[in-house]
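Quick heads-up: structures coming right below.
Look at the two complexes coming up: subunit A is in both, with subunit B in one and subunit C in the other.
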Partner chain A sequence: MKRISLIWLLLPAVLLLAAFIVMPTFDLIRASIFDPDFTFKHFQRLVERGVYIDVMWRTVRVSLIVAVICTIVGYPVAMFINLQPKKRQVALLFLILIPMWMSVLIRTFAWIVVLGREGLINDLMIGLGMTDGPVQMLYTSGTVITAMVQIMLPIQIITCYSAMTEIDLDLMRAARVLGARRWQALTRVYLPLSYDGTLTGLVIVFMMSMGFFITPALLGGRQDMMIANLIEFQVQHLNWSFAAAIGIVLLVLTVSMILLLRWTGRFAFRRLLNVGR
Partner chain B sequence: MTYKLKLMPAAAVTLALLTGPALAQDKVLTIAGSGGAVKDATEQIFLPAFTEATGWSTKFVAAESNIMLEVETMLKAGNMLYDAMEVSASAYPTGVQNGFLAPIDYALLDPDNTLPEAAKKEFGVVAAAYSTVLVQRLDKNPEGRKMESWADFWDLETFPGPRSLKRQPQYTLEFALLADGVAKDEIYEVLGTDEGLDRAFAKLDEIKDSIPVWWTSGAQSVQLLSDGEVFYSTTYNGRVNKLQESGIPVEIMWNGGALHTSYVGIPKGAPNYEMAHEWIRVRTMRPELEAEYVKFLPYPNFAPGLFDTMTEEQAAQMPTFKANADAQFVADEEFWAANIDRIQERFDEWLLF
Partner chain C sequence: MAVAGITFENVTKRYGAVVALDQFNLTVAPGEFMTFLGPSGSGKTTALNILAGFTGITEGDVRIGEKSVVQLPPEQRNVGMVFQSYSLFPHLTVFENVAFPLRLRGERGASLETKVRGALAMVHLEDFGKRMPNELSGGQRQRVAFARAVVFEPPVLLMDEPLGALDLKLREQMQLEIKRYHQQLGCTIIFVTHDQGEALTLSDRVAVMRDGKIAQVDTAQDIYDRPSTRYVAEFIGRTNLFEIEQGQGNGWSIAALGTQMAPLDGHGAAGRTLSVRPEKIRQIGQGDPDASIVFDARVTDVVFQGDHVQYQAVTSGGAPLTFQEHRGHGARLQQAGDALRLGFDVADAVPVQNQ
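Presenting the complex of A and B:
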């Protein structure tokens, strides 16, 4: 009896997922292989024209870079917050969350003001005589990655942090008491206990980056196309089936990359720290 | 996540229309069009005139994304919410090919035959003429020089400095061919052949490195010029006034511009097909209203006698002003509707490598 009632608790979530994720996904699959009769021509076109595969890999590469940078920058920040007294933790988390209340569009536009030819940094550098003419910073891959990191970083920090709150900090003290040096306590106790949450954050950032659209469109140069930009073009031209086919490939690619990341992440971590030996 | 953004307005609009109080008995004509300045001007000028003429009230829906997407969705759902709508130059052939539009009944609309032939299409009446033109920052030009042709745009020695073009092959490849010496009336003939396409891309190769950014929306092209991000860019002629008003010294080069016409049309299954014709009449055949409209936006139509209402100075800003129109070529939207898929792929590849 108790078990049955617990299952009911899942019902709203299951219904929600079924209605808004599972069914549309099946619809997407259907759209990609029926146009209107059964056909693989859309997938064939995808493979035959190099541009789609190429942009797919560019998307994976950018997303991976963003996820790794967010992890390297976000992890120490999350750790710093977690080691503060409780009251200060709340205040710091609040500061981390503030930028997330602003739309991605606005945060993207802000970079135009900062990095433009006549923007803040160039004005400053020219004023100080550091450079003769304006340096082209906008419309480069570096800018796209910087902006995406800025947008995604809070997500990584929060995910890392919530994993770290589970750690009993007395374990660190115990390690020190038992003769571990600071970095040993960190790598042998703190890291192993937080790596799972960190990896989850990395995967979430990667996954969300795969679908980025506005930021590369506004800040990127001609080579900074991402797959969402190509899907948008196809939708605008009412090529639903082809757009669906690209969407399916993106979905499969993202899911495989997530599995790969989780697996290699765990494996690499074990090797690196010799845990579980 | 963010790529769903484009579809959001459509969903929001549908929801608003379904739940809005306007489903009451009063007679309402639902009209879809662009937002921003176009919406403001339409609401001030044409909507009150329509209500005055017919006694019907109106509901204007600003569709920020491709209207044809919304129309297709509504047709699939079997519930057409729009009675009339703006149909942009590039959307028109798409709408016709997919059968999204209802034919215009000219016997009903214009029994006295006052509209010129140029204004009348089977599935739409010309609502506005606009141009894709080159705009230059006069303050960034070399002393005493300014661009006068597309060949100048390609002349990196006389006119160094960053440039921008729209991130799409249509109304970009045409300019490359013009710069390469192709005559205006042969552009699409040349572009229709593989050699012609090669020629256009080869010409683009010459300035590839001087184009740091390819714009994707009209607003972006204006922002690029206004921020000094680029000194030369194509944009829509209607956006240039705003730049000038904010004190930025820019000038349109009409020579070699692409002239487009957008339409007002009726979607298939529109609930008020006949009344929609009344709207089209107000929107396209009343010169005194149109004269007010072009004071806001230099997007004139073929309302009979429109140019008689304007001063010479005002008229010279219009894309259909004789001298301006003669300097431009008429963009072939049907060519692009038929070829865009194939050429866009090649264009994307060209951008990537």
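Presenting the complex of A and C:
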């Protein structure tokens, strides 16, 4: 088959992207700088008001924390699964995926049931006499992060795991017989070989966290507002152009953070390879 | 370099009800090239993994030199190992792959550099240090794996079907290389293979394995010329097997050939079979010296193989038989259907146990 005819395979996807991603993005840019005449006032307002800077910084910070916790918790889990017999791996992956059958909304509500004033944990603690009255857990930053980690964790585990399945486990044996202790085989062979997949997982989790809306809205307080919540707030108040400007900033912020993460990641990888030299 | 021998003493390895290694006993001399030869499931790989420390044992003792290694993890055994799939680290250059065991032993700087270069020079890959493993051919990867396994001068080198993934030409070439390395390094080598040609070419001694036990351990020549059991005779090379019975007096009678012969050793014929290699059977014609055992046969099939011809024949007793003729001095090709007088010397016939 000629190259020229293969191109047609991409046509549906290209049309779809053009109609529903590229066009709307340009429309968003247009909306943010024409109100109704050309103006930068919306971007100016974003930069000048401390409250908006706070929201942006919080969004990046929370997303980064969630991505890092997911990596620290998810990597060992993925490794554990990868080192099980094949049949058990399938069963364990199935367990990991079960939560993803439920919508983010339902999983977020579940946290309210667990953490609320009359929720499971407060009932338990009062019942055991550990505390006199209910402890405030909902509408705190810690709860938002915990819930986001719980929602994102399967994604990071699956991404790490699929990278690890590419590792020939004989390499670990080779490392051992050549003189590496267990942890040396891990840091010098297993870690470098699963590094790319893990970094990809971290970036995916970060990217998705940047756009989180439901969880901070339901579980967070006023002080936990993230960019997506800010956009919704502005849309509610019919500030379409300002909302569009925030959307553009979210996009730019996400893309530049991803580039930064990738760059830092590659730098850290070279350091990792130099361990023991 | 320090060279160490290896001792397996009554080693048994069970996986649940499955016995992978059954009362395994073997002593390998320092510097010896020992091959474990057998089909898959015969326990040869288990024995190797036990030496490397990947597999524990159920009973017995394993010693490298004088020291029992049963309790030692792989990294403390100081053995080199070449894997079937080479297992080069894909994220490291050729140089770093070979340097890997040295760095773990605290080697640094110029001394490390010298040793790695030396090992790469031995396998003729001096200029490949900067390449990544995926930029090498199969044979080159094999060489790097070898360099990496010996660069820290281990007293014992383990090789797990190292040539299995190479094509025939390269495999033969690498066999010669491995022989040369062995002479150069002088270390004890345990070589695992299911390829009998490889075993015969390389080894000082061959241990033929079956069902977790050693069927026979001997020099390559003795394994071929003096197999002790029917299994070994059939596993190594081709052979003709003739039923023998106790005949009149204490002579042996071979029904398939319609002949009698004097007993070959002190033992009786019971439970034994006579093994004769195809190249030991020859045509008896005018001018040819007689052979001790002579019989009639008819050619059923001719397989021309260039330097030699392989004939399938049926004896007058109705037994199928294979014999082989070299085409050195203008020997005439026989045709299917030709009646021949064949024979072999008693010295070339080996009575083997029916196992």
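Keep in mind that, in the parts below, the second predicted complex is superposed on the first by the 268 of 277 C-alpha atoms of A that agree within 3 Å, B and C clash if a C-alpha of one lies under 4 Å from a C-alpha of the other, contacts with A are read in each partner's own complex, and residues count from 1 in each chain.
The working rule: a contact is a pair of C-beta atoms (placed from the backbone, for glycine too) under 8 Å apart; a residue touches a chain by one contact, two chains touch by 3 or more.
This is a predicted model, so every value here is computed, not measured.
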| item | value |
| --- | --- |
| Fit-or-clash call for subunit B and subunit C when the two complexes are aligned on subunit A | fit |
| Subunit B, subunit C and vertex subunit A (Cα centres) - angle in steps of 10° | 150 |
| Touched partner set for A:Leu193, first subunit B, second subunit C, both or neither | second |
| Subunit B versus subunit C as contact partner of A:Arg173, first or second or both or neither | second |
| Subunit A residues touched - subunit C or subunit B, whichever exceeds | B |
| Subunit B versus subunit C as contact partner of A:Leu273, first or second or both or neither | second |
| Subunit B versus subunit C as contact partner of A:Gln184, first or second or both or neither | second |
| Closest Cα approach, subunit C to subunit B, once both complexes are overlaid on chain A (Å) | 36 |
| Footprint overlap on subunit A, comparing subunit B with subunit C | none |
| Subunit C partner contacts - residues on subunit A that touch it in the complex | 168, 170-171, 173-182, 184, 188-189, 192-193, 273, 276-277 |
| Subunit A-touching residues of subunit B, taken from the complex the two chains share | 1-3, 5-7, 65-66, 68-69, 72, 94, 98, 162, 167, 208, 211-214, 216, 220, 223, 227-229, 340-341, 344-345, 348-349, 351-352 |
| Interface residues, subunit A side, partner subunit B - complex | 49-51, 54-55, 58, 104, 112, 116-119, 136, 138-139, 208, 211-215, 217-218, 221-223, 225, 228, 230-233, 235-239 |
| Footprint of subunit A on subunit C - complex, ascending | 52-54, 73-75, 77-81, 83, 85, 87, 89-92, 100-101, 103-105, 148-149, 152, 158 |
